[in-house]
C-alpha cells in the first residue's frame, strides 16, 4: 500500500484533499504596501524570528485569484481546485537577515488549506474577492491602464477582515521593485494526547521554495488598505498607520520543496 | 419619496439588492454547441414560442465569469457584485423567426438573480466555475493557444447539473460564427392571493436588448458537455445527444432596455 | 401547458425555484426588541405607511432557522429548501392602525428569496446563524433553562450586518406578550423597458396571511443587538439606541394567501 | 511566548483556527447501517488494520448537525463554530479486536477540519444537510414519532456524494443497539521537503477518546443510503449493496485526549 501524501488515504489517490507535489500555480495579484505599529508586528512573530527595526512596521497585504494544477489536469476541475486568497506578510529578521513572515492567511478552498499547512502557511477559511480585468472593453472591464482601480476584500465567518483598493499608475518594467525577502513560515501540527498539548508533533521554522517564478503584466500605483476591528479576530492589531504602493500583476510558480531552518518539533 | 427600482426600498439606494440600470457587464465565456432531443426542447418552450424543426434540437450551454458595474463603481465591490453564471439557450421560433430561448439559468449572486428576473431570465442560485487564463505562463495558466483546454461545471443545491470542456483549435476572426438569434425570455411574477395563483401579475414574452456588444480574444474548437441526471431537477431532459463546437471569448455589453413581444400579464 | 407559479417554467415542475403554495414552515426564532431613532424608522417606510409616533422607534430583530415544505416532502431535501433568515420589523401605522413593516430581510436560500418576493418581503442573500439547543445535555447543548444564552449573527456579502444575544429568564406561558401587529410588506417588481423604470409592474402594499400559527417552547429574557456600520449598507441607520426583551421560541405556520391593501402597480 | 495549539499563532489566541482542548460537542445524528463490497472496505484500510471478515462489508454513514464550544462560549459564535458533518465508518480489526475506521469525512467548517486533523479524521470541506425536528407542530416540523422521515445529503465541490433517508419506527431505550466499536483513525501530516514526500512527519494509528458520551431522544427505524458515482471521487467504491437500520438521536461528548496505538511517524 502506498503512503499517501495527504489524507484521506484514498486507494486510487483521487479522493485525497489535494494531490501530492508538484504543485503549479498561476494567479492575479493585488499587493498593497503598508506600515503597522512595530509592536503589533513584533507580537505576531514566532520565537525564532526577530523584529526588523529598520522596517518600521512594514508589511504587505496580498489578494490573489489562484488557479492550481497538479500533475493530472486539476486546472480543468475549477470547482475543486481554483481558489482565492488573502494574506499578510510582515518584515522580520532571521539570524540578522531580512525575511518576511506570514502571520495570517485565508483561502476559500480546502485543498489550498491542506497544501498551505504542509508549507507552514497558517491558513483558515475565508471569502476573498478582487476586481478582475477583462479583454473586451467597456465600463465593467477594468483595463490595465493608468487610472484603473481594482478593489478587493476578505471576510472570515461573515466578518470583513480586510478591504483594499489599488489605483494603477504605470506599468512596472523592473519587478525588482516588488522586493525579494524570503518567505518564512511556522510549520506546525499539534499533539492532542492529554499532557502533551504544549509538545507539538511538528513545529519548524521553514523557508518557502518557489520554482520558475514568473511575473507578467505588472503595474504599480497607489495602495489603500483597511483591516477593520472584528469580534474575536486579532488581524486588526496590524491595522495600517499608513499605506504605500499598490501593485497588480500576474504570477506563476511551482512548489516541489521546502527548506527547514529550525526544527523544534517535540519527539 | 423616490420609487425604488429594486427592493428593498433603501432610503439612500445602497441597500437595494441591485442598483437600477444602466447595467454594464464584462465577462469570460465558455460556450458549447449541442443537440438535445427535439421533444425535450419543445417541452421547455412557453406557449408563445414554437419549436424550430430545422434546428433538430440545437442548443448552447454558456458558462460565464462576470464582472458587473452600475453607475457607482460597483466593480470595486466584487464580493457583492462579481458573479458566475451557467445557462442554456435552445433554438425556437417566434412568429416564424428564429430565436433563442433560455429555459434554465443559474448564478452565484443575488444581485444577478434580481436583474435576471427583471429581464425575464429564470435565475436560480448555483455554483459555477470555469478554468481561467492567466498572463504569467506556466503549467497552471491555461494560455489562449491551440490545444489549451478549459473546464467548467455548474451545481445547484449540491448536485452537479452540468460539466463542460472546451479545447481551443483556432482564433476566431469572424464572430458572426457565434450566431445571432435574438434572446427571448419569459418575464414572470406570480400572484399569491388565494384563487389567483394561475393569474400571474407579470407574464410577458420579452426580447433582450444589449448595447455596445463587444467581443475580444475569441477562440473556437471542440466542445464537450454533459447534463447529468439529478434528483428533482429536469435540466438533464436536455442532455446532449451530440456536441459540436466549443468557444472561449471575452464579451462586454450594457443593458438599459427590454422589448415586450407579447404581454399576458393578468389584470 | 400549465401556467407556472414560479420560474423557471419546468415541464414537470421540479426545477422551478420553489414549489407553488401551500407553503409550510417550522422554525426556531430568536427575537430582540429594540428602539431605533424614530427618524431612521420613518425613512424606511413606503409612502403608503405612516410613522407610529407612540412607538418611539420600536422595532424587532428576528433570527430564524427555518424548515420549509410544500406539498411534496420538500423537507426531505434540506440542501435545497432548509434555510436561515434575519429580518427587521419596524412599528408603523396604516390608516391609523398599528402595523409592522419589514424594511430589510436576508436569507441563505434562493427558494426563500422567490417566495419572499411573492409575499413582498424584500429579500437579499445573506449568511445567518444562531445558537441551537440540543436534547443531549453537556457544555455545548444550550438548554432551554434560565440563564442559557443564544447568540446570532447575520452577514451580507462578507460584512457583518447584525449581532444578537438572547439570555433566557423565564418560560413564556402567554404568547400574547409577543405582540400582534399585522406584518405589512411592499410587493414590488420593476419594469426594465426604457422610459418606464419608475413605473413598476407590481407595487402593492400587502398584508401577510398566516394559517395555523403555532408557538412552542417559548422563553423570554434579555435581548442585546448591534447593527454595525457597513460599507454601502444602510441597515445600521436603524442601529439600536436601546434594547429590550429577547425571546426564543419554536414557531410553525402555513401560507396560502396574501391580502392587497393598496395597489399602485403601473398599468 | 506561549506555544499555540493551532495555527495561526495569534498573540491573544482568538484568531487561531480553533481554540485548544477541551472541545465540547452537542449534535443531532442520522445514522444508516449498510453493507459495502468487502473488497472495497479492505481497500480503504491503512496497513496497520485488518479486514473484519465476519462484518461482511458492514459500515455506517453519519450525518450530523454539530454545535461546538471550547472554554470561551464559542457556542455563542455559531457563524464561526457551528457546523455539519458527514462521514463513513467501516468495520475492521486491530490486533484481532473489532474496531471502526473512518476513511472519508466532510465538514462545512474550517475549525472542524483543524480539530479533525489533530484527531486523525481525514476531513475535507463539504456541504451537508439533514431534516431537523422542530417543537412547534405542523407539516414542516418532522416530529419524533413513528413514521417520520428525515432526509440527508452531502456534497463535495458541487457533486452529491451521499443521500440518505431515515424513517423512524420506535424509540430506542437501549442505546447499546448502536454498537460500540472504538473509532480508529490515521493521524497524518506530510513532509514537503524534496526527497521526503514518502516520510510523513506524523503517521500514527490512533484511537478516539470521548468523555461524558450522552445520548438523548434516540429512535431507530429503516435506513436508506446511496453513494453516487462522482468524477474524481472514490467514496462510491463503498456504495451500499444493501442497507439496514436507520437511527436518529441527539448526542453530546467532550474531547481532551487521544490514544496512540501505532506510531510510524518518520524521524
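As written, the chains take the letters A, B, C and D, and residue 1 is the first residue of each chain.
Note that a contact is a pair of C-beta atoms (placed from the backbone, for glycine too) under 8 Å apart; a residue touches a chain by one contact, two chains touch by 3 or more.
Chain identities (UniProt): A, B, C, D = Acetoacetate decarboxylase.
Model, not experiment: these values are computed from the prediction.
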Steps needed, at minimum, to go from subunit B to subunit D via contacts: 1
Fraction-based call for subunit D against subunit A, same above half, different below: same
Chain centre separation (subunit A, subunit B; CA means) in Å: 34
Interface hub residues of subunit A, defined as touching at least two other chains: 77, 79, 127, 129, 153, 155, 158, 231
Overall pattern in which the protein chains touch one another (line/ring/star/complete/other): complete
In the complex, subunit A residues that touch subunit C: 127, 129, 153-155, 158-160, 163, 230-231
Complex contacts: residues of subunit A adjacent to subunit D: 1, 3-12, 14-15, 17, 20-21, 43-44, 46-47, 77, 79-80, 103-105, 109-110, 113, 117-119, 122-125, 156-158, 186, 188-194, 197-198, 200-203, 231-235, 237, 255-260, 265, 267
Touch list for subunit C against partner subunit D, complex: 24-28, 65, 67-69, 73, 75-79, 82, 127, 129-132, 134-142, 149-153, 155, 165, 212, 214-217, 249-254
